[in-house]
Amino acid sequence: MTLLSALDYASVAVFALTGALVASRAQLDIVGFIFVACLTALGGGTLRDAILNRDMVFWVADPVMLAVAGSAAVTVFFSAHLLESRYRALLWLDACALAVAVPAGVGVAMGMGSAWPIVIVMGMITGCMGGLMRDVVCNEVPLVLKQGELYVTAAFAGAVAAVVAATFGLETGIALLICAAVTVTLRAGSLALGWRLPVYRARPPRNGPRN
Amino acid sequence: MTLLSALDYASVAVFALTGALVASRAQLDIVGFIFVACLTALGGGTLRDAILNRDMVFWVADPVMLAVAGSAAVTVFFSAHLLESRYRALLWLDACALAVAVPAGVGVAMGMGSAWPIVIVMGMITGCMGGLMRDVVCNEVPLVLKQGELYVTAAFAGAVAAVVAATFGLETGIALLICAAVTVTLRAGSLALGWRLPVYRARPPRNGPRN
Amino acid sequence: MTLLSALDYASVAVFALTGALVASRAQLDIVGFIFVACLTALGGGTLRDAILNRDMVFWVADPVMLAVAGSAAVTVFFSAHLLESRYRALLWLDACALAVAVPAGVGVAMGMGSAWPIVIVMGMITGCMGGLMRDVVCNEVPLVLKQGELYVTAAFAGAVAAVVAATFGLETGIALLICAAVTVTLRAGSLALGWRLPVYRARPPRNGPRN
């Protein structure tokens, strides 16, 4: 198994866990768990493959992915009550999933010889869009857009780091590991230490009322 | 007209009716009715065709589909006030649409020679995603995710039944009819008789507070 | 630069501005601005290209589009506080973006020799779906579905006008300009003068209670 396919499997499994945790917060049944887990785990990569026009979407080429996502969902259905805080588990699992999904997306785009802006965007899409679909469908506030938290930023920085590393001639495998490290560091720093970017605030305009 | 294209037309027409009913609940104008009807009727199949990488999305290959969806929307715009309960009509029409859309998706994937897990997923996508898009865009609680109701489960069971039937050597046409029968039975049983799966409930954890 | 690619750039830039304005209302950070701006600016065209099965999605073929959208987002981040009313600016910019995106979509479909119903739908998808994604993700009431306002209707009328013009033998460039003019006139008339279509109202049914 190559590093790239290991990343793919890990990202599917961990994102499926987060999808199932959101399903548990919405009190769905077991099929609902599997549905949300698959949407979350496969959504970002499916979008990446559709945009890159790959011959086959990754889970059509390898249906074992479906079994991985489904097993993760069933596991959560029967064990989520053992967690002390499901929301905290969700946040940290989501951070891990982001850190494997971004290099997975970057690796696919690099493998297809895409230009570097496309490589970066594919990393971000693979990392962020599955979770966004999960949150939109289940009516949660999207983690992606939580004010000031480093989420899209972490994905962006990780993808940029991979491109820079590859430009300096490092092997793809190393570049992807650097990508994962940067992504998880920024995201974990944001979760644990409150690292943030300044958010937009409407300052008093020069004339006219605040809006 | 083959059975498969009959299923496609029926699924488009009935899902368009449900989209238009949701539009009537949101008090849209006639173009809004047509828009939501098309999104609902064509969304699931479009996703299926994009993921399977078919040469042409089904309604691009056959634009008559657009006329079918549009006519259904216009009909609802001028006659929905005759219904005693629009929500009840919506639920039952949606059940019928599910029961034709799942075999339509299964049939397309079988025709392309997909592996059986992909066949099942394509049935579920074609059946469930159009209605999900309708509900997300119109800000209704997604029918797909209503607690404990058999919806995704009905689609899943129908698709599995078709695959089993085909494995036992039955003709595709028969397999698709079995698929429709299983889907509509489970969904109707859930609507009329309250058939349900148990939903997830956070049980008191062994230590620490409930979350 | 051809008219078609000028339309594409203009549509990306102006839709990105609207995305960034919505991000400012949600008080996101600068990377969130860029994310929402790209989603809005590229979403509709990406969907169009995926459905038409073009060899490459337009911004994969030309990554400068990403820089255009990103620059628009950064500009708004540092200058939105100068606006007297961000919502009013959003509405009018969105109208302009619609008026360039609809002909951009129509032009692509015409260039691929699509049938006229597909040309019309591609104009509507390119014009409406990016803004719809923006509003769904940021939890705003979709502009597309505001009761009775001419939005989808404006896109539809513009696309029909282009098809009629092309049928009467006018050059594609002229047809696209007519399309833009019709779209912006109807949308602006709706915003400034309150032009509307009648919305659906449940009339008292002949028997049974109102629903």
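Letters A, B and C mark the chains in the order given here, with residues in each chain numbered from 1 onward.
Everything below uses one rule, namely that a residue touches a chain if its C-beta (ideal position, glycine included) is under 8 Å from a C-beta of that chain, and two chains touch if they have at least 3 such contacts.
Please read all numbers here as calculations on a predicted model, not as lab measurements.
*Asks:* If every chain is a node and each touching pair gets an edge, what shape is that graph: line, ring, star, complete or other?
*Replies:* Its topology is that of a complete graph.
*Asks:* Any idea what the CA-fit rotation angle from subunit A to subunit B is, to the nearest 5 degrees?
*Replies:* Answer in degrees: 120, to the nearest 5.
*Asks:* For subunit A versus subunit C, what separation do you get between their C-alpha means, in angstrom?
*Replies:* 28
*Asks:* Spell out, as numbers or ranges, the residues of subunit A touching 2 or more other chains.
*Replies:* Residue numbers touching two or more other chains: 50, 136.
*Asks:* Across the complex, what residues on subunit A touch subunit B?
*Replies:* 23-24, 26-36, 38, 46, 50, 55-57, 60, 63, 66-67, 77, 80-87, 136-139
*Asks:* Using the touch rule from the top, collect the residues of subunit B that touch subunit A in their complex.
*Replies:* Residues 50-53, 114-115, 117-118, 121, 124, 128, 132, 136, 141-142, 144-145, 147-148, 152-153, 156, 196-209, 211 of subunit B touch subunit A in their complex.
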